[in-house]
Structures are given as structure tokens and as C-alpha cells.
Amino acid sequence: MLDAIIAHYNYWLVIFLMMIGLYIVISRGNLVKKIVGLNIFQTSVFLLYITLGKVNGGTAPILTDKPETFSNPLPHVLILTAIVVGVATTALGFALVVRIRESYGSIEEDDILATERAEDEIAVNEALS
Amino acid sequence: MVHIVGLGASLFGFWLLMSGHFGPLLISLGVASVVLVLYIAHRMDLYDRETFPVHLKGWIFGYWGWLAKEIFKANIDVAKIVLAPSLPISPRMVRVKATQKTDLGMVIFANSITLTPGTVAVDIEGDEIIVHALSQELADGVLNGDMDGRVTALEER
Amino acid sequence: MSLLSEHIPVLQVAVPLLSAPLCSLLRGVRLPWLLALAVSWFAFAISILLLIQVMDSGDISYHMGNWAPPFGIEYRVDVINAFVLLIISGISAVALPYARLSVAHEVDPRRHGQFYTAYLLCLTGLLGVTITGDAFNIFVFLEISSLSAYVLIAAGARQDRRALTAAYNYLVLGTVGATFFVIGVGLLYMVTGTLNIADLAERIRPLADNRAVQAGFAFIIIGMGLKLAMFPMHTWLPNAYTYAPSTVTVFLASTATKVSVYVVLRFLFTVFGPAYGFVGLTFEYIFLPLAILAMFIGSTAAIYQTNLKRLFAYSSVAQLGYIVLGIALGNIAGLTATVLHLFNHALMKGALFMALGCVALRIGAVSINGVRGLGREMPWTFAAIAGAGLSLIGVPSTVGFISKWYLILGALENSWWPVALLIVASSLLAVIYVWKIIEAAYFGVAPEGRGPVAEAPLEMLAPLWLMVVANFYFGIDADLTTSVAGKVAATFLGSGS
Amino acid sequence: MNHHLVLRVVSKLLIPFILLFALYVQFHGDYGPGGGFQAGVLFASAFILYALIYGVDNAREVLPPKALRFLVPVGLIIYALTGFASIVMGGNYLDYDVLAHDPQHGQHLGILVIEFGVGTTVAAVMVTIFYAYAGRTRDVDDEDW
Amino acid sequence: MEMILYIASGALLAAGSFLVLVGTIGMLRLPDFFTRLHAAGITDTLGAELLLIGMMLQAGFSLITVKLILISLFIFFTSPTATHAVANAARTMGLKPALVPDEDIETTSVRRGSAK
Amino acid sequence: MSTEMALALTLLIPSLGGIAIACAGRYPNLREAITLITASVLFAVVISLLQEVSGGREPTLALIEVVPGLPLMLKVEPLGMLFGCVASGLWIVNSLYSFGYMRGTNETNQTRFYICFAIAIASSMGIAFAGNMFTLFIFYEILTISTYPLVAHKQNAEARSGARLYLGLLIGTSIGFQLVAIIWTWVAAGTLDFTIGGILRDKIDPTMLPILLALYMFGIGKAALMPFHRWLPAAMVAPTPVSALLHAVAVVKAGVFTVLKVVIYIFGIELLSETGASGWLIWVASFTLLAASLVAISKDNLKARLAYSTISQLSYIILGAALASSLGVLGGALHIATHALGKITLFMCAGAIYVATHKTKISDMQGLGRLMPFTFAAFCIAALSIIGLPPFAGSWSKWYLALAAADAGRVLVIAVLMISSLLNVAYLMPLVARGFFRPAPPRQPVGAAVTPGARFGLAEAPLLCVIPPCLTALGCLVLFFYADEVVDLLRPIVG
Amino acid sequence: MFIGATAALLVAMALTLIRAFAGPTLFDRVLAANSFGTKTVLLIGVLGFLTDRPEFLDIALLYALVNFIGTIAVLKFFRYRNLGLSNTEAADREEID
């Protein structure tokens, strides 16, 4: 049992990162921290794919003259792509946070929700009157 | 003009060193790359003595040899302090007069101070460098003016 | 021409992809729009050609860079995705003529280049997800479309700053969904060593008991569930649709979730196959209850909305419930309903959100109080809302009826009587929220201080009415759509056994 | 001023070499683990270093945002057009074999051009992002970014 | 010759590793930020360079050595710069160093004069 | 003109008429002329079809197959012919009356009124000539939706809430029950075509028949079977011509017509009588019949009283269907026509009284008969017809129903019929009695209009409000003598 | 022997992390992070030899660069709360402080 756990340490790490990331996304009210959590969550995927590409005895897939056992190069291409996607998401996320801050004056979810609710109430009152 | 040519030449040397391929395609790409970098450097307004210190010529290697020796000695000293159970330190701040005339010389001096463990150049105020030292002996290594003199000499050759 | 015809599959994606950066180079307001319009029409033409070609001579496979699958990326077109491609590009082709005035009104004029760039990228992503035969490529295109969708939604901030928080929430949940999906794909890849969907399908069959396959299945379903706003993972949707610019809402509401549904179908039926035990369990224990909850909670929430865009957004949650329900039925009639509703719902929501965009153009915010008495002043717009609303309810002779008809047949085929009754009952909720608007518009008294309101310009009315007419045309002559949808359903279920 | 003397002088020395290194990585993509992506990052990092030391305003003069707005799509267009070029030359999309007389040479050329497109876009995007974040102060208004 | 090179590079690697560890220990042991700067310096200078030279000996005259030289040059230029920058930031932002009793800058200034 | 074309025209004429009315909206005289012409042309076309049907033919027009096995189809058969004649014929009369009423009360939104009216007639034609249950259902829904604006016509809060109830109940029952029943039928029988003898024999478990029947009966909300009758009184907020449309011309008639269609062509009379699946319906119909009559007596508002009367009268027809015999069905079908004539007269009279005096309560109408003798005479004739006294048409339908009950040996049903006739007397005759035999109120002419007969000391409503009820009252009398012709027409449906 | 160096570097990195987490000042953390980066560069190099794939060195160089620029950027940010100031502006700010 313990052996199995240790043998799959990489998966445990993936799961650990995933859980941490998700937890941050869900539990934090700070919009920036949420994005950070999202990043950690995505990192778990990179790790998973690296794990996938690891063939026993193989190394990074860079072409040399020597014939060798290579790790499967595909996952690395995939990770690179996933990282680009992740970076783009993060950049866009922060861009939104910046604009939210400029508009609402806060990056705390609670404050923003309170502001929005207050606006809603005003709108409803106007509608009723 | 001297600076441009010097920078260009050293950049191209740098390219050849790294590339290791001397086919027409990569050589021409190398030339194009150097030209592009020179153009950008021009736009960044980097063409002056600092960008390519041509005036230092070969003397710098002599200085580096001396500096390597100093770094080596200082490393041993600080390693001893760190490993000694009693942790025999007596940290202090000292002001060191820098006699260099150019910014580049000043920077070489400051970085040399930092490179030798036991002393760190914390700030430059006018012609003085403020140095944090781990002990009086280590501070004296800078305060004795030897390093300052060598850097100034380097600058004047 | 033969040069082109051989390459249509890649042109479907590559042309919008190339035009997106081109678009960002264009200045002014008119040029970016024109380019987007031209590209949309081109994509529409291509997708028609593809559908014809597929119907005539079977599946098309196109290999990127001449790497044969499973090593290279393959674009694979069959009836299923040809139909979805047609929906996406068709909606885009109708939405863009409408877009010019609406976007000019709602989006900062200095940002039109960016806006249409994002729009084209979104279109590219959606088309790409649909056409590609590579699981990882799906993820990449999915994120291209999602990222540009966030940008498009945030463009609504000029009208209401909540577009920002809406886009942010969508970004967080959408990213979590995409990440779940890509984890699932990774797990499948780990076990099978392939990312090609056709290849995956072959290799997964003998591995039904593998735990990584099961985990991969779960990750993919949950991930795509988030992307398609399956109840209760729909929380991002209402605000996103409400605060996005009207054109964006029209386009996204009609296409984005549909494409995610397509991906779910693809994995459920093509990759795992209906025979895979987990698929059946998913139908019965996950999709069925969630779909029914979505139908009722979505519609009930819609009834209580005062913002009309949000009202129809909640209605979308309910309608996605119908779509998922069709999957849950797991038989030909049910799947036919799902596929049909992809198209039909695109028609109704496209029309409804277009109409709301017309209203927004004239009076700004679209609240139930704001539209009181507008029926007389904007007769064409509100007649369109009434027509598409009837379709949403599912009145016979509209497309909504056809979808529900097949849905009910599917339920009855499984002898799920209560489900059939619930489908009918949920339509009644739609009556309530649609009629709320009709009543306010036609029999309400205009709020004080609102001056005379002009009817929306013809440029916007024409696409709107095209959609409305389509709602009725395909509701009365449903032969074309039902035969394609039926074929799609048969292909899916046939691939299982 | 003197606080930053060391930084200024050292980075002045480094920047041209970092830029050239980036270009080296760019054009040696198929020999090592380089390629357009890394090259783009390197190139942009040299610029970011310059901007950090000399201020974003100076950096904007060297590489105006207008140019960036042009470079980002141009990189992508290079990428996509290479794909179309292979169609025109009679192959499948992104099939580099057909780009030159012999397939291997074609591969080489195709990758070189594509990587150049990627590198351009990556560098331009990174600098754009840096400008966007570094250039803003607390009270910029919504329209200016 | 190969043998000598092999032993030499092994010794350099061992010495470098040792110095890296010492520097790290110093970073943990020393009492305040400014003193820790010196320990970090051990790692950055001799520790790093010895390791890199050890590797160069292994690689012989090749492209690899060129790259190793580039790395060592880069570290040689940037590590003092970075250290200086951190120290400078700490000082300008008001972090006070823990100094030996009653020794402040003024008194040391006088000492400098006498040393000259 | 081919019969198929004529069949298509029954839908096209009112639809095109609606469009023409919309275009002529700004010219009231032109608009109303178009209405009248459309109604007349439509009636002519329907009559031409009547001749075909009397000849024993069944013109059919398949429009389109919506989904496989679900065609949109028109087919003329005797029952539909009867409904078609009633609806199109009464539209003419009702149009004339509307001109008088709408102008007399200065209503707003008159163009919308005439457009919706035309669409309602078009959908009534669709219902009458639907070839299968699916087609019928579509037109049934269009009728609901097109009459909604008519009910909400006044646009005030009361009108809106009344209209909301109207729409809610009709759409709700039709989707919630009727549609379910239709789908069930389709799944079981594989078709929805109207076929003599029904389509369900051997297709469905006999124990399920009552449930399916219940889904249909309660799903046809327009037939106002209790407890889904509330929409009818709620719709009373509408102008009187609309009430006439609802109660006589189209809506409730469409409901009971659908009931008969379902019983005759979907279930088949024989299947129902063999299995007794409609037994429960007899009692529900009887209950509705009596209860509605009792409620009617308690209403002082004339239109409300008439509304409950309608609920009660509709249950006669449902009762006829529930008896599941030829006589019962014939009686029910005949009652569609006789009640239509009677009820439209009553409503037009109520409207005329309102236009002339602005009175709505029966207790306020004492002695009005002396000022408005024509109106009250028409009212009296129609009331007698509905009560079922010869020589008025209503007596025939009741006669057939009583015969059917006797045939089936249901003594209690006969008793119900008799009691209800007494109740009819109790809620209809007091107005006549008060009108003629109480002293006349002091004269207070309403409005500036010169009312007809003023120089004879009368205070009638405008001519256009008085002539139509007189015509329909006359119709009640005439139909009594021509009832046999109607029964002959209907004979084929019971085989 | 590369194994020994790898092990030493890994231990050193772990210890550096302790300092990074312990702080106590921001500058301690920055210093630790910078030092961690230097060790990472060395580790990448050593690993390249260990796995006989010296091409890793390019990555090491890239990492060294990122480490340097990152440190500068962090310091600048915490000093001025703004990355875009030029030297002169920065000096002005310090005067005010």
C-alpha cells in the first residue's frame, strides 16, 4: 500500500497541487489570490503531462546525433501549449482585476458584491416607485 | 563610431562562439541579428563607453586575476566565520572613498567589493561607497585602498 | 477551385484565424467589421460545402502538415460536426450584419478593431473545437474561444461595469472547466498513448475497467459540464450573458455552450461509446436529475428576473437542461432532440437576444419596466420577441415544439412517463416568463419621462426577422433539420455497438 | 541617481548581448531546445530590463506601443501564411516539405519562418503586457489601457 | 591526462558543492539581513564558479564549455549587481543593520582616514 | 374554383383580411368595410364548401409533413362544416354589431381589435377544418393567443389580470393535459388523423382509456369543464363583441367542437360505449351544468350571469359526447349551433343595454324593456331558445339529449336536464320580467347620439347594435324549422 | 560526482527555501529567492551532465537571466509600487519619502 503511494508520488503531487489550487479559487475572496489559485491548479496539469512524457530511462526530447531512448516528445509540446494558454488566462485575469479595481475600488469579492447589491436595490426601488 | 564598431565586432564574435555553424544561412542571419541589435542599441541610446568598454583593453584580465585571488581568500575567511560555532562576527558599516573618475570605474569598484564575500557595497553617495562588512578585518581589506587603486589604475591606462 | 475544395476543412479554421490578426491591424470602425463580416460569410459558405460533401460522400479527414494520424493533428468532418459547424458559422453570418450598429452603440469606438479581432478568434476557436479530431487540440481551440469570449464580455463594461465581474467569474470557472477537461484528456492519453479521437475510441474499448480511464471520463464530463453551464455549474452564465454587448450575447448564447455540448457528445458516444458502463450510469444518475433541475430552476429563476437579458439567460440554463436531458435519454429520439435543439435553441435565443439588442439600442437598459408600452412604438422588434418567445415555449409550428416533441418521444421510448410530463410542465413556466414581457410591452403603460421611441433600424431588423422566420420555417418544415439530427443521433448510437 | 548607478551600468553592458542571445536562440531553434517561444521571452526580457532601469517612457520611445500592436498580429500572420504557402505549393496546410526543392530543406525553412513568427508574437505580447501593467498608476482611467 | 582532468573536476565540484552548502548554512545562521548578504555571496561567487569550472573540465573544448563560460560570466556580472540592489533597497527603505556596539558610520569614516 | 382551393381560402381570406385591416388602420370606414367584406366572402366560400359536403364528399388538403408521421392537414367533414358555418356566419353579424358597439363606446385600439378578430376567425376555420389532432392543436393555440389581446383590450389592471388568467388557464391546460394526451395518442396509435370510429381501438389498454379521456377533456380548457372554467367569467372584462366572440362565435365553440371531434374521431363512440370509459364524464358534466346554473342565478351582473350560463350550456354538449351514443352526439353537435345563436343574441342585447344606458346590473334594469322593446324582445326569444322551449331552435338539441339519456337508460341524467331547464328559466327570465313589467326609469339619454326610435319615446342603442340581435333572434326561430336539415348534414358522423 | 553535487545543491535549495519562508524581512526573502535561482541554474547545469544532455545549459542561461530581471523587478516594485518609473522619477520619489 505504502509502496503504491510512494511509487506514484508524482500523482500525489498532482492531486495535492490541484486541491490546493481549487481550494484557493473557492475559498479566497481576493480576486488576485483566486487567479493565483487558478495558476496553481493549472500547474498541476503541467506536472501531470510531464509525468506522462517520462519514459523510464529517457531524457528530454532534444535531437542529438546519439541514438537514445527519448521521453515521448509530444507531452512537452502539449505542456508548452498549455503553459501559453495558462499565461494568457492569467494575463487576461489580471487585466480584468485591474479594471475591476479601477471601477469598484476594491478587489475583494465581498465588497464588490455588496456594491452590486446596493445598485440592484436602487434599481428595484426606482422600478417600484 | 569606435564604440559601434567595437560593440558590433564583439557581438558578432559572441554569435560565432555560440553558433558553431558557419553555413551561409546562419552567418547571414548572424550579421542581420547583429545589425538589428546595433539598431536597437542605438535607439536605446546605449552607445557610450559603458556599453563597450574598449578603453579597458586587455588590462581587465590582469585585474580579474588579482580579483579572483581576493575572492578566493575572502571566501575562505567568511566560510570559516560561518562554520565557527561561536559565529565570530562584528558587522559594521564603513564609508570608502572611491577615486574613480568614471561611472564605469565606480561600478567596477563597487561590484568588486560585493564580489568579495565579507563586504557588500550597499550604496554610492557622491564619491563614497557605503560598505557593509562582516568584521573589522574584512572591512580593512577594502579600507586599505588597494582595490580602489587598482580599479582607478585600470581606468587610467 | 479544386485547389480549394481539397483544403476546405482547414480553410474553415485557418481563414478566420488568419483574419483575426489582420483585423487588429485595421483602423477605424467600418473596416474591422467588414472583414469580420466577409470572413463569417466565407466560413458559412465553407460549412455548407462541408455538410454537402459529408452528406454525399462520407467523412472527410485532413491531416495537418502531412503527418498521418495518430501522430499529427487531424481535422475530421462527419455529419455531426458538419452540422455544428453550420450552426456556428450560420449564426455568425447572421449576427454580423446585425452587429455593426449595435456594436457601434455599445462598444467604445476606439476598440472596434480589438472587438472584432476577439470576435474572429472566438469564431475560430469554436469552429476549431468542432472540426478537429484531436483531443488536445480541442482544449487549445476551446481556450482560444473562451479567452476571446472573456474579452468580448468585458467589452460590455462601457454600458455596465458588471461586465467586468461577469467576465472575471466566467474566466475563473471556464478555466477550471478547461483544466478539468485537459486533465481528463491527459489521463486518457496516459493509458492509450494517443490523442486522436478516432484512435482513442478504438483503444479505450478494451480498457473499460481501467481506473485512469474512469477518472479521465469523470474529469472530461465535469470540465465540459462547467463549460456548457450544466446545472448546477451554470452560475457564470446569467451575468455573462446579461452584461455582454448584445451582439456578443447573441453569438455566445447561440454557439458557445452548443459547442461544449458537442464535445460532450463526442466523448460520450464516439470515444467511450454508449456501451461503456460509465456512460449509462452518467445518463441515469447525473444527467437526468441535473437536466430536470435545470429545466425547472432555470425557468423559475427566469420568471423572477426584471432584467430581460438576464431573464433569457436563465431561460438558457433551462434550455440547456433540455439539451442535456436529450443526452440522458440515451436513445435515438432523445439524441435527435438534443442535436435538434442545438440548432433550434440557437435560432430562438439568437432572435430573442437580437431583439433585446434592438431595444437596448433605443432605450438603453432592457428591464421589464423599461419596455412597458414599447410594443406599439417598436412593433417589429416586439413582434419578433413574441414570435421567438412562442418558439421558446414550444408552441406547435415553431422549432421549439419540434425539439420538445422528440424529447418527449425519447422519454416515452424509455417508458419514462414522469419525465415526459415534466418536460410539458416546464414549458408552462416558459409561458409565464415570456408572457410577462409580452404583457408589459403591449398592455403596459409607458414609464413617465420616456419620449417617443423609434423602431430599430432595418439593418438590425432584417437579421432579426430572418431568425424569427427561421424559427417558424423550421418549425413547420422540420424535415431537413430532423433528418440531419436523426442521422447524427444514429451515427452516435451506431458507433457504440 | 547614484542609488542606481550599478544597475544602470551593468544593464547597459548586458542588454545588447541578451538581445543577440535571443536572436541566436531564435535562429537555432531546430538544433537545441530553443525556438521562437524562448527567443521571444528572451528578447522581451531584455526590453523589460531596459524598461525597469530606464523607465517605461524611455522604453516606449524605443519600441512604441503602436509598433507592438503591429508586431503581435504580424507574427501570427507569418505563422498562418506559411500554412497557406504550403497549400499553394501543393501540400497540406503546414506541410513544410513542399516549401523547398527537397523536403528536408523545406522542413528547415518552414520551421525557421514559423518560429520567427512565433518569436515575434511572443516578444511583442510580453512587452505589451509589461507596458500595460508597468505603465499604469492607480488613477489611470478605464479608457487608457 | 584524462585521469587528472577527471580528478581535478571532481575536486572542483566537491569544493563548489561544499561552498554552496556553507553559504546556505550561513544564510540560515547569520543574525540579520545585511550579514546574510555575505553568506549568499559565498554561493554566488566561489561556489558557483568552482562548480562551473568543474563542469568545464568535464566538457573539454566544446560548445558546452562556451555556454558554461557564458553562464559564469553572466553570474559574475549579475550576482553582485543583484546583491547590491537588494542591499541598496533595504537601506533606502530604512532597514537598520545590526551593528557591533556603538560603531556607526561616522567613526568608521575616521578609521578610513587613518588607514590611508 | 377547386374545393381544395376553397379549403385553403377559408384560412387565407381572414388572414389576408387581417393584413388589409392593418394597412387600412388609419381609415376607420375603410377598415370596417374590409372587415365586412372579408366576413361575407368567407361565409360565401364556406357555404360553397357546404354544398360539397352535403354531396357526401370530404375535400382534403395535405399541407406539409412537419416531422415524419405528423402532417399538417385540412379535411372537411360534417361536424367541422357545421362549426365553420356557425363561426363564419356569426362573424358577419358580430362585425356589424362591433361597428356599432365600438363606436358607441369610443373604444381605443380598434384596429388591433379587428385584426385579432380576423386572426381568431382564421384559426377557428383551421380548427373546424383540421384533418388531424395535431393540426387542430396548432390552430387551437393560435386561437388562444390571438384572442388574448382582445380580452386584454382595455389595458387596465383588471383587463390585464383577467387576460392573464384567460391565457394561463387555456395555455396551461392545453399544454399540460391536451398536448400530453395527443402525444400519448400518437405514440399508441401511430397517427393523429381524424377517422370515423376512432383510431384507438386495440391500441391502448382499455383501463387507461378513462385517463386519456380525462387528459383530453380537462386539456380542452375552452370547453370550460369545471374546475377549469374560471377563465370564462374572467374574460368578461372584454368589450361585449369580444364576449360574443368568445361565447358564441369561436372560442368556447372551438372547445366543445374539439370535445366532439375527440370523442367521435379519436376514441370512437362505439369504443367509448363498449368500455364505458366516458361514464365518469357524464357526472362531471352534469355537476358543471347544475353548479354553473346555480352560480349564474346568484350573479347580478348581467354579463357574469351570461358567462356562467355559457359554462352550463357547454356541459350539455360535453354531456352529449359523454353519453357516447349517436343521439347524444347529434344533440351535442346541434347544441353548438343553437346555443351559438341564442347566446350571441343575449350578449348583443346586454351590450346594447350597456351602450344605451351604461347599466350592467340586472337589478338596475327595471322597466328598461319599455324603452328598448326590440332589444328586450330579442333577449326574450333567445332566452326561451336556450331554455329549450319550442318553437325555438334550442328545444331540438335538448330533445335529442334527453332522448339519448333515455336511450342509455340514465334516468338521473334526464332529471338533471329537467332541473337545469328550470334553473335556466330562473336566471334568464327575471330580466325579461323586470324589463317589461316593472315601471320604466326616468329617461336619461346617454351620450349625444340621436338614438333610433327616439321620436317614439324609445331609447334604443344605435341601429347597428339593435339589428344584429334581432337577426340572430330571428335565426333561433328559423333554425327550429330547419333543424332536420342540420341533422341530415350531421348524420354521416355517427355512421 | 555529479550525483554528489546534485544532492548538495538540492539540500542547499531546501535550506534556502527555509530562509525564504522564514523571512523575516522582505529583503531576506528576495535574497533567498535570488540565491535559490542561482542554485537552480547550477542544478540545471549539473543535471545536464548527470543525464549526459548538456543542452540543458541553454535553459540554465535563460533561467539565470530571468532570475536577475525578476529580482530587479520585485525590488523596484516594492520600492516604488510601480514598475514603470524612470530613474529620475524614482529618485524624486525617494526625496519625498
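Lettered A, B, C, D, E, F and G in written order, each chain numbered from 1.
Just so we're on the same page, a contact is a pair of C-beta atoms (placed from the backbone, for glycine too) under 8 Å apart; a residue touches a chain by one contact, two chains touch by 3 or more.
Here the structure is a predicted model, which is why all the values come from computation and not from measurement.
A.B. asks: Applying the touch definition from the top, give me the chains sitting in contact with each of subunit B and subunit D.
C.D. replies: E
A.B. asks: Report the chain whose mean Cα position is at the greatest distance from that of subunit B.
C.D. replies: Result for the farthest chain: F.
A.B. asks: Looking only at C-beta pairs that count as contacts, which pair of chains has more of them, C-F or D-E?
C.D. replies: C-F
A.B. asks: Express in whole angstrom the distance between the two chain centres, defined as the mean CA positions of subunit B and subunit G.
C.D. replies: 19
A.B. asks: Distance from the CA centroid of subunit A to that of subunit G, rounded to the nearest Å?
C.D. replies: 23
A.B. asks: Calculate how many whole Å lie between the centre of subunit A and the centre of subunit F, each centre taken as the average of the chain's C-alpha atoms.
C.D. replies: The mean C-alpha positions of subunit A and subunit F differ by 67 Å.
A.B. asks: What are the residue numbers in subunit E that touch two or more other chains?
C.D. replies: 23, 25, 37, 67, 70, 74, 77-81, 83-85, 87-88, 90, 92
A.B. asks: Counting only residues that touch at least 2 other chains, which ones in subunit C make the list?
C.D. replies: Touching at least two other chains: 157.
A.B. asks: Could you check subunit F for residues that touch two or more other chains and list them?
C.D. replies: None at all.
A.B. asks: For the complex, which residues does subunit D have touching subunit B?
C.D. replies: My answer: residues 2-3, 5-6, 8-10, 12-13, 15-17, 19-21, 23-24, 27-28, 31, 50, 54, 58, 61-63.
A.B. asks: So in the complex, the part of subunit E that touches subunit D is made up of which residues?
C.D. replies: 74, 77-78, 80-81, 84-85, 88, 92
A.B. asks: Taking the complex as given, what residues does subunit A use to touch subunit C?
C.D. replies: 18, 22, 25, 31, 34-35, 38, 41-42, 44-45, 48-49, 52, 74-75, 78, 81-82, 85, 88-89, 92-93, 96-97, 99-100, 103-104, 112, 116, 123-124, 127
A.B. asks: Name, in rising order, each residue of subunit D that touches subunit G in their complex.
C.D. replies: Residues of subunit D touching subunit G: 1, 3-4, 7-8, 18, 21, 25, 32-34, 38, 41-42, 45, 48-49, 51-58, 130, 133-137.
A.B. asks: What residues of subunit F sit close enough to touch subunit C in their complex?
C.D. replies: It comes out as residues 64-68, 70, 72, 134, 137-138, 141, 145, 149, 152, 155, 159-160, 163-164, 167-168, 171-172, 175-176, 179-180, 183, 187.
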